[in-house]
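Here the chain labels run A, B, C and D in written order, and each chain numbers its own residues starting at 1.
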Amino acid sequence: MDFSVDERSRELTDRARTFLEGHVLPAEPVLDAELAAEPDRWGGWRVIADLQREARAQGLWNLFLPGDHGGAGLTNLQYASIAEVTGWSPRLAPVAFNCAAPDTGNMEVLNDFGTAAQKAQWLDPLLRAEIRSSFCMTEPDVASSDATNIGTRIRRDGDEYVVSGRKWWSTGAMNPDAAIFIVMGKTDPEADRHRQQSMILVPRDTPGVRIVRPLSVFGYDDRDHGGHAEIAFDDVRVPAENLIGDEGSGFAIAQARLGPGRIHHCMRAIGMGERALALMIARANERQAFGRSLADQGVVREWAAEARIQLEALRLLVLKTAWLMDTVGNRRAMTEIQAIKIAVPRAVQTIIDRAIQVHGGAGVSSDTPLAELYAGIRSLRLADGPDEVHLSSLGRAELRG
Amino acid sequence: MDFSVDERSRELTDRARTFLEGHVLPAEPVLDAELAAEPDRWGGWRVIADLQREARAQGLWNLFLPGDHGGAGLTNLQYASIAEVTGWSPRLAPVAFNCAAPDTGNMEVLNDFGTAAQKAQWLDPLLRAEIRSSFCMTEPDVASSDATNIGTRIRRDGDEYVVSGRKWWSTGAMNPDAAIFIVMGKTDPEADRHRQQSMILVPRDTPGVRIVRPLSVFGYDDRDHGGHAEIAFDDVRVPAENLIGDEGSGFAIAQARLGPGRIHHCMRAIGMGERALALMIARANERQAFGRSLADQGVVREWAAEARIQLEALRLLVLKTAWLMDTVGNRRAMTEIQAIKIAVPRAVQTIIDRAIQVHGGAGVSSDTPLAELYAGIRSLRLADGPDEVHLSSLGRAELRG
Amino acid sequence: MDFSVDERSRELTDRARTFLEGHVLPAEPVLDAELAAEPDRWGGWRVIADLQREARAQGLWNLFLPGDHGGAGLTNLQYASIAEVTGWSPRLAPVAFNCAAPDTGNMEVLNDFGTAAQKAQWLDPLLRAEIRSSFCMTEPDVASSDATNIGTRIRRDGDEYVVSGRKWWSTGAMNPDAAIFIVMGKTDPEADRHRQQSMILVPRDTPGVRIVRPLSVFGYDDRDHGGHAEIAFDDVRVPAENLIGDEGSGFAIAQARLGPGRIHHCMRAIGMGERALALMIARANERQAFGRSLADQGVVREWAAEARIQLEALRLLVLKTAWLMDTVGNRRAMTEIQAIKIAVPRAVQTIIDRAIQVHGGAGVSSDTPLAELYAGIRSLRLADGPDEVHLSSLGRAELRG
Amino acid sequence: MDFSVDERSRELTDRARTFLEGHVLPAEPVLDAELAAEPDRWGGWRVIADLQREARAQGLWNLFLPGDHGGAGLTNLQYASIAEVTGWSPRLAPVAFNCAAPDTGNMEVLNDFGTAAQKAQWLDPLLRAEIRSSFCMTEPDVASSDATNIGTRIRRDGDEYVVSGRKWWSTGAMNPDAAIFIVMGKTDPEADRHRQQSMILVPRDTPGVRIVRPLSVFGYDDRDHGGHAEIAFDDVRVPAENLIGDEGSGFAIAQARLGPGRIHHCMRAIGMGERALALMIARANERQAFGRSLADQGVVREWAAEARIQLEALRLLVLKTAWLMDTVGNRRAMTEIQAIKIAVPRAVQTIIDRAIQVHGGAGVSSDTPLAELYAGIRSLRLADGPDEVHLSSLGRAELRG
């Protein structure tokens, strides 16, 4: 066992951190100003385009993508430390490096399961950040953590498929630049439980696609990354070749997509926790109450220590998970992926909550990034199935032995 | 000891509950529509005026105010159950009954410490809900839980006082109807620790009063109740008779104001918790996942049970605190007031958080009131000093014996 | 609602407290010496007999028993505060007042369901503390929280019943003075779920009764109150008139026994928590580390405050439960009884654990009562069904509405 | 970074596990029988001697000791997995491999700081398990986590040192085979804070050494490993050459001893947690309640999952700490050592507590090892300073940046 970081990862992580400090953090207030100036706009932010141009020039681009089709060819383990850096500024850093969800997951799906034509049409422009995308899986009327609940239908009709249903929490879809939607639905509701679903590419401008409304997370509309849309698909017709993989392969593709998606979220979450802790520390050292610095209060010390312990232990678990994905494959890393999916967001939630507490009123306002980080991490405990579903599944496996 | 509820309180509580169900809950979507239709407006909502008219006609008016100067003359214990009912809809029910913070606290200050002229000018219109008010205590640059930190100055200059300083989290102050501000500042920074501060009435339209900006709470602007303002007081001159009580009495008045303020918050918080639990139960019974109702999942049962236990135990502690305030006075109820100030918001926060979790994505969106309730209760753990200050103070008293 | 304590309860509670401080606490080291001197003895402690004589003379006797058959006729609410006092010294105070489990529950069963002959033979000497008793319900081979699991058989054979089975955690049964066992078993395994069980009186010296071994709790053998026995009943024959109530009434009698049993446990547990807190406070004030008293450490203050809050809130819930039992009956107080059964022991467990922590090594040793209090309260979370069974049941009821 | 285990460690760990399963676990009831048969005996257990003979023959001997003076020369990282295996049976496995505290720490002190003569006289027989030893640091009258509190004096008098003071929690010292005590005391109370203490070798049979009494831990006397003694040193005279290192080096030696001591405790604690989890799983699968296996109850699944997550994350943190000690030295691994000292025992305590809960009454009795494991892990949270001292120190360092 060897806990030292390999050279390439260290070098890229250092470069990413320099970029974060030099370009991304200073751009945060610029983004806020753009958002305030155009309250009805959902994308096309100049500050993001500027960051992307610079990051790409520095080789900080598409680092998430394994293999050589436009990606950097990093292992999950190598990418992990870089992803953590981007978690310090989740609104700007991931997108600056073209490593932001849901585009990353969508690019992976196209890379792994797409036809050459699908890649040319959608993957290539995504890799160049010319377009953005959305992933349409969750539905408003059912518990989507149970995939058999999905109600959207994808019916074959001659050379076309007809998509009918309603999705929500389609992240990024409010952004007009999100040109392509990957939609999950049932091609065969009578098939075996895990062979009922398929995924299909639905261009945004297809007739019958209707953006119903944006959703908010706590009070945030998340316009910086295209918000979260409720979308109606009313008998939407797309060419049959838009299907990704075979009919019935939707569940398997979703599973394949989830592993990397979850670990990326967890890597970034560690970075969010580190930023919250850094903010807590800075505040505690600067603020006085009852004749001494907050940093001298026992409770603040305890919180700082607990945060450090949690971040160290969970970072290692994330890194080991990445290493397992690299060495034995995503499927055999399932237990660990589930473990970090449960453990990381809630630990980071606590860290952010305490950082808020140390900041007093400033902590819940927009004067610090903490409240918005909180809203983001809180949602992670629901995305891709609530914690409780994963705990139950992990526990069942453990009890089976 | 007798745990039965007295007749008057029971009758008023029943009436309040009927009003809540018949008028307030149906008005929630109406308020949402008004807010959406006028995104730059901070007050004057028609739906609130309508509710107030009806509530007043039903005698559900100013119930919070002890004594007979326009109040209902209820004891704290009698009012407690009614206040709990209003917590079910914190945006609408308290204001409908003219029992909303910060007006309640401000009316109490005027009632208890105001001159006849001050009462005539400000208390009477507040009791009739013709105007609203704000309380300006917290400052952006210091830890306000330590009152000696307050930087705002109130200097005597002939027949006037000159107020200079900066306040924030002045709740309600974005609403143009908030005609009067009660401002806390130092008249004598050299006096004894608790004799430095005074309170003074500053009409909104006084020259030098400048609303700097609204603050948000987890993305919410709280426009329904006039938001939270940062306010600059640049050499604001008011007549000397605007001082409330004597010079140096500010700390004592603040303490007197805090007791009832805190217990009202806690009473309402119990109602918030009950609503969250009711929503959790309704959702759990209606939603299916993995072949059974969420209500059949062990974890949801556990959450419902824990919520019930917490609400029952803490309600009793709130009621006993009210009874102590009624029988031995606010000062001798300090331990209990501190105890509920700490215990109630965090317990209710957990209940709301779990209700969110049971709702999945809907829970963090605006499709349920949960996320906004969460933001509200979370802020309570900071308002009037963070939990930790109260824990430390309560613990010190306990250790002293 | 009225939180003042009635005169009779206050007077008796004061007397009990005076007795505790004057007689019981000083007797603790005497008991330790007796226990150390006779390591194989399980009962007949002189110090207990002395305390009983004195307590009885002071009228502090059988206070737990409602009604007038030898009891004090107190309501549950009146008894509650006295029971709390006895919790300060659970090894000596309850037994000193003849208010110790399992005798109290057994006396209640005889009082409520026994025949005149059963009362004369067993209840009267128990009320005079001439004998002691045990309750034989839990079995080693099954989850006894589910009464249908019970394996002990009680078969009618002519004028006799034949009892066959194995019990454990029969508290007090190692004491040779425990002359009578109340045994729960199945008279009709084919009957309805709650009509299968019966209770029967089995004198200790009946042939076929075999004390298998004592059980320990953590490392404690609890010889002070007769330990906990595993007992084999090998075709034990008793007269048919030893049956308590009718055949099939065992479950109902058990339920009737459990309500008061649980509330008594909770009342005493509050007293255990108060003692642990008092010990924590004394230690914190006397011990120095790193240049200041432990009482000046933030974390100790926080623990003292949390303990105070928990004890105040839960005491009220226990008292309200007692009041409900008095006013609407045990059955309609079931929710509250379940709530305190869950909430009180675990809260007190935390308080004791923290008191241990403040004491350092002394806390886990026998130099303070804390470790033994811990073992006692920890076991309460298992006795009469584990917390989780009660949480699930309470949650189900709550979800049903 | 590479999470694969190196060959030598894997091979030794496998061998240790085979030994555990084949020899140690079957020896547990044998030890219980020996303990029961001789209630006044504190050492010299035949079953331990048998295990030691066999383990030594298999090369499972002194694995803890780095370097080549009788040790196996393993790195901390290599030893970690083996130590974890021994945690499954803390009463027997560590001592079987001659890797039990406090002997390990004492051997390290002698190995690192002892003279050739001290090594020949005490280290060699310890390495051969011919004698045992004790470490006398903690004192009954002061908070020993603050080393400046230590009251024991070590005064030079000609060719001798005179030791006066009182120690307790001297683990192993009740065993007559514990031939040598390492005693910490002050040679110069006027020196700098960290130069006041020295360590000295005091043979058990020196005049003036008086074993005052054994201490218990939650009712356990821990006779299997020599108990915990309170010892009076009444003007005990030893030759001056018994001093370890220089006068004033006691604090530094203690610090050097603590690092490995803590990580060994944590490694074993992981194994204790794994055993508790294994017992929980076995019980949950075998026990039925309310018509289904405990393993099908949501709460048991949740506990199993949480335990798995905690054990995986904390094991990694322990391993990384070992790796840091190996690569950058104990001093630069201080943060991590402190982190695991805090985090591991409390996580394992929760796991054991839940395993107890799943076992019902059996869990608190001696029918499973759980209650005794609990007592052991609970004490770890106090040994070498309570958690809170470490949290505060770690937090202070974190806040300093």
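General observations
Please note the rule applied: contacts are C-beta pairs under 8 Å (C-beta built on N, C-alpha and C of every residue); 3 or more make two chains touch, one makes a residue touch a chain.
Here the structure is a predicted model, which is why all the values come from computation and not from measurement.
Within the list B-C, A-C or B-D, A-D finds its counterpart interface, over half of the contact pairs alike by residue number, in B-C.
Farthest chain from chain B (centres taken as the mean of C-alpha atoms): D.
Averaged Cα coordinates give chain B a centre that lies 54 Å from the centre of chain D. Centre-to-centre separation between chain C and chain D, using Cα means, comes to 37 Å. Separation between the centroids of chain B and chain C, computed from CA atoms only, is 44 Å. Shared contact sites, meaning residues of chain A that touch two or more other chains, fall at 297-299, 302, 388, 391-392. Across the complex, chain B meets chain A through its residues 39, 138, 140, 142-146, 149, 168-169, 215-221, 287-290, 294, 297, 299, 356-357, 360-367, 371-372, 374-375, 378-379, 381-382, 386-389, 391-392. Interface residues of chain D, counted against chain B in their complex, comprise 297-299, 302. Listed in rising order, the residues of chain A touching chain D in the complex are 1-6, 77, 277, 281, 284-285, 295, 298, 300-309, 312-314, 316-317, 319-320, 323-324, 327, 335-336, 339, 342-343, 388, 390-392, 394-396, 398-399, 401.
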